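Written out below as structure tokens is the structure these notes cover.
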Amino acid sequence: MEKVISMERVYEQLKDGMTLMIGGFLTNGTPEGLIDCLIKRNVKDLTIICNDTGFPDRGIGKLIVNKQVKKVITSHIGTNPETGRQMNEGELEVLLVPQGTLVEQIRAAGAGLGGILTPTGIGTIVEEGKQKIEVKGKTYLLELPIKADIALIKGSIVDTKGNVWYNKSTRNFNPIMATAADIVIVEAEKIVEAGEIEGSNVVTPSVFVNYIVGGEVIGRF
Amino acid sequence: MEDFRQRIASRVAKELKDGDVVNLGIGMPTMVANYISEDIEVILQSENGFIGMGPIAKEDEIDKDLVNAGGVHVTARKGATFFDSATSFAIIRGGHVDITVLGALQVDEKGNLANWMIPGKRVPGMGGAMDLVVGAKKVIVSMEHTAKGKAKILKNCNLPLTAKGQVNLIVTEMGVMEVTDKGLLLKEIAPNISVEDVVNATEASLIISPNLKVME
Amino acid sequence: MEKVISMERVYEQLKDGMTLMIGGFLTNGTPEGLIDCLIKRNVKDLTIICNDTGFPDRGIGKLIVNKQVKKVITSHIGTNPETGRQMNEGELEVLLVPQGTLVEQIRAAGAGLGGILTPTGIGTIVEEGKQKIEVKGKTYLLELPIKADIALIKGSIVDTKGNVWYNKSTRNFNPIMATAADIVIVEAEKIVEAGEIEGSNVVTPSVFVNYIVGGEVIGRF
Amino acid sequence: MEDFRQRIASRVAKELKDGDVVNLGIGMPTMVANYISEDIEVILQSENGFIGMGPIAKEDEIDKDLVNAGGVHVTARKGATFFDSATSFAIIRGGHVDITVLGALQVDEKGNLANWMIPGKRVPGMGGAMDLVVGAKKVIVSMEHTAKGKAKILKNCNLPLTAKGQVNLIVTEMGVMEVTDKGLLLKEIAPNISVEDVVNATEASLIISPNLKVME
């Protein structure tokens, strides 16, 4: 059960038309090495689930600019004008979701829930086409789980079993996405031996992680 | 212009109390942090996943792993803590944020807010705004009173809403307005302008407080 | 904003008929000092939300034996025969909830959700009286939020701002309950200065915590 | 009796593969850990909030902050991690546990399971069992074939259910039965007993596998 793999092994698993979750918040905590791998492999027609579409030259923005994305499910595209341009010209489908709803939808998929009821979006266009449910006199939207084929995660310290610790604000969507995909690949800034991260400080337990790239491996690709 | 922004930010800062958990939106709301009284401790929440945000990082303070929700490198105060986005929005939507301060494209007399898209023109997305406005105990809109001479405080928002009926207070360079059941209550007015000036710059009806004060 | 208080200050806040959440799992991670305070104050007709009812002489079991509890919402009562006895004799109302559902209901309250859809309990008596919702051909139960007046939490290390770190398996329900009550009181095994717990290792951020007792304070009551 | 339990536990252990995440219920299922092959690494999950559970702690290994879901002091393996109950059940209900092994009061030929209460008699509560049975990829019931001579493997459970149609495999001291669309398939039988013995001790109909093997 060796989880540490080379970028070549990641490369082989990428396919056109896949649904990917990619961690990070305005590229903070985004696995840039894995994004570069996606670009090198040049897989097309991707559906990307992410907090935002980064910048034209950084993070998920690079995939948009390179026209590899068919659809993006995200909360914010304002920092990447290319996303807006492709959307307006009908080249890219953009589904805008409130940030708190998006992360709960991902969590629901990872946690085996059929959905969650949120007050967010009531009275706005976000409610269009969704089931409304009243609980104790208050109206909520039923929001459904969102899952992916692969989640691409960035970890600050990862042990060889796949336990992940995130430094400061790099955490964001990463631990939640790590629960909600068939395959979870973590790009590690630093790889350590199992047991080196204190067990009560681990954020993503190893059971969620399938593969680890990075550490010394980065740059060898 | 800069003077307007300072006046607004300093007035919003007066709404904050000791111990409040506060989320400041990108842009002008961020400036509020500069005017918080030193006598109180306010805990700044950043929706990308932490509380205890400090000032923007100087060149030599930059930590590559620490940015605010605007992607700007900031500092962290002693006792700052970091968490994932699900926890961040549990804090926000769960009513654990006392005050959120946001900008607006439009607000109306029912407390409706529009600040996330102009159809066909600019669609940045809602980010965390819809959750913040629904979840925070108090929602303060901080913005310039008009946009290129056009009213932003309307009878009814006509841009797509961020949330319905969630705004509590509007602070502009012209005055302070509270959203009440009866409509917008003008409570404070900037020095050297008249009530008529405010009314003329506002499409919504304004109830003039009998205790109208000068905005400080 | 001094959060560290004496047990006397806790004592004053307890009232008959309150709804309390109490952390711990078979007394591991249960705030025994706060339970002793409840016993000393002898508040009655409590509704207790908890994973289990502990043992007759330990944890929540002591409150049951002392007949302070009117209703308990819990997943397991098997280790405390007195709970079963009082239930069978009609002295105590017991609502049994699947453990994973219970913790999600508490989380929903803390996170401002109107409820969650779970597959757990479908086809069993747990589904009685609950709304069923079908999502993508699968049936789920709508489970509603559960909140409390006060949550009593146990923390291994707590800083003076109220940031909490839990050692090993003492964590269990504690961090979730800390999100879902009007007042949250943490019994600290050790109190440290703010900043002494690394910010990325804190489990319960200070915003959830109203009061801290313990550390040196324990035993002074 | 003890021999029965060992036979069951050792047979269940053969179902586990390298890398599997496994939750072992209180009682006999816990014994399975003693029979896991040393050639494979199995990750034990404890629903009170950790993975990487090791053997029961000896006197001098006891850590007051570390118990399993039965409240017993256990040890943790290298790389063990701890989390809250919401995460624990996200792991369980979210399909991240490969195998759960539980005891039963009754199982039936539709894969229904009853193991949490006997109305009017004993009502311990379901604890985490209902979530485990719904969430784990594979549900193995490990139990003695009968209770005081009465069948426990029934046409229809008559005690309150833990879950409907979730059981995949039943391992008893008499044999191994798989729950299939067509009913219970007897795949293995204990040495020195006959198919008739098993059929007589079982209320449910049994389909006898054409490849019936001796249980090891």
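The first chain written gets the first letter, and so on, giving A, B, C and D; residue counts start at 1 in each chain.
What we mean here is this: a contact is a pair of C-beta atoms (placed from the backbone, for glycine too) under 8 Å apart; a residue touches a chain by one contact, two chains touch by 3 or more.
Just so you know, these numbers come straight off a predicted model, no measurement behind them.
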Neighbouring chains shared between subunit B and subunit C, ordered by label: A
Selected interface, A-D versus A-B, where C-beta contact pairs are more numerous: A-B
Centroid spacing, where centroids are CA-atom means, of subunit A and subunit B in whole angstrom: 29
Approximate Å spacing (C-alpha centroids) for the pair subunit B, subunit D: 55
Length of the line joining the C-alpha centres of subunit A and subunit C, rounded to whole Å: 32
Inter-chain centre distance, subunit A versus subunit D - centres from mean C-alpha coordinates, in Å: 35
Interface hub residues of subunit A, defined as touching at least two other chains: 104, 107, 111-113, 118-119, 166-168, 171, 199-200
Multi-chain contact residues (two or more partners), subunit B: 50, 76, 82-83, 86, 89, 92-93, 134-135
Category of the chain touch graph - line, ring, star, complete, other: other
Chain pairs in mutual contact under the definition given at the outset: A-B, A-C, A-D, B-C, C-D
In the complex, subunit A residues that touch subunit B: 25-29, 51-52, 74-79, 84, 87-88, 94, 96, 98-101, 103-104, 107, 118-126, 156, 166-176, 203
Subunit A contact footprint on subunit B (complex, rising order): 46-50, 63, 65-71, 76, 82-86, 88-89, 92-93, 112, 120, 122-131, 134-135, 160-165
Subunit C - residues contacting subunit B, complex: 1, 107, 109-113, 159, 161, 163, 179-180, 194-195, 199-200, 202, 205-208
Of all residues in subunit B, those that touch subunit C in their complex: 18-19, 21, 41, 43, 45, 50-52, 76, 78-83, 86-87, 89-96, 134-135
Residue ranges of subunit A in contact with subunit C within the complex: 104, 108, 111-119, 131, 133, 135-136, 138, 140, 142, 144, 165-168, 171, 198-201
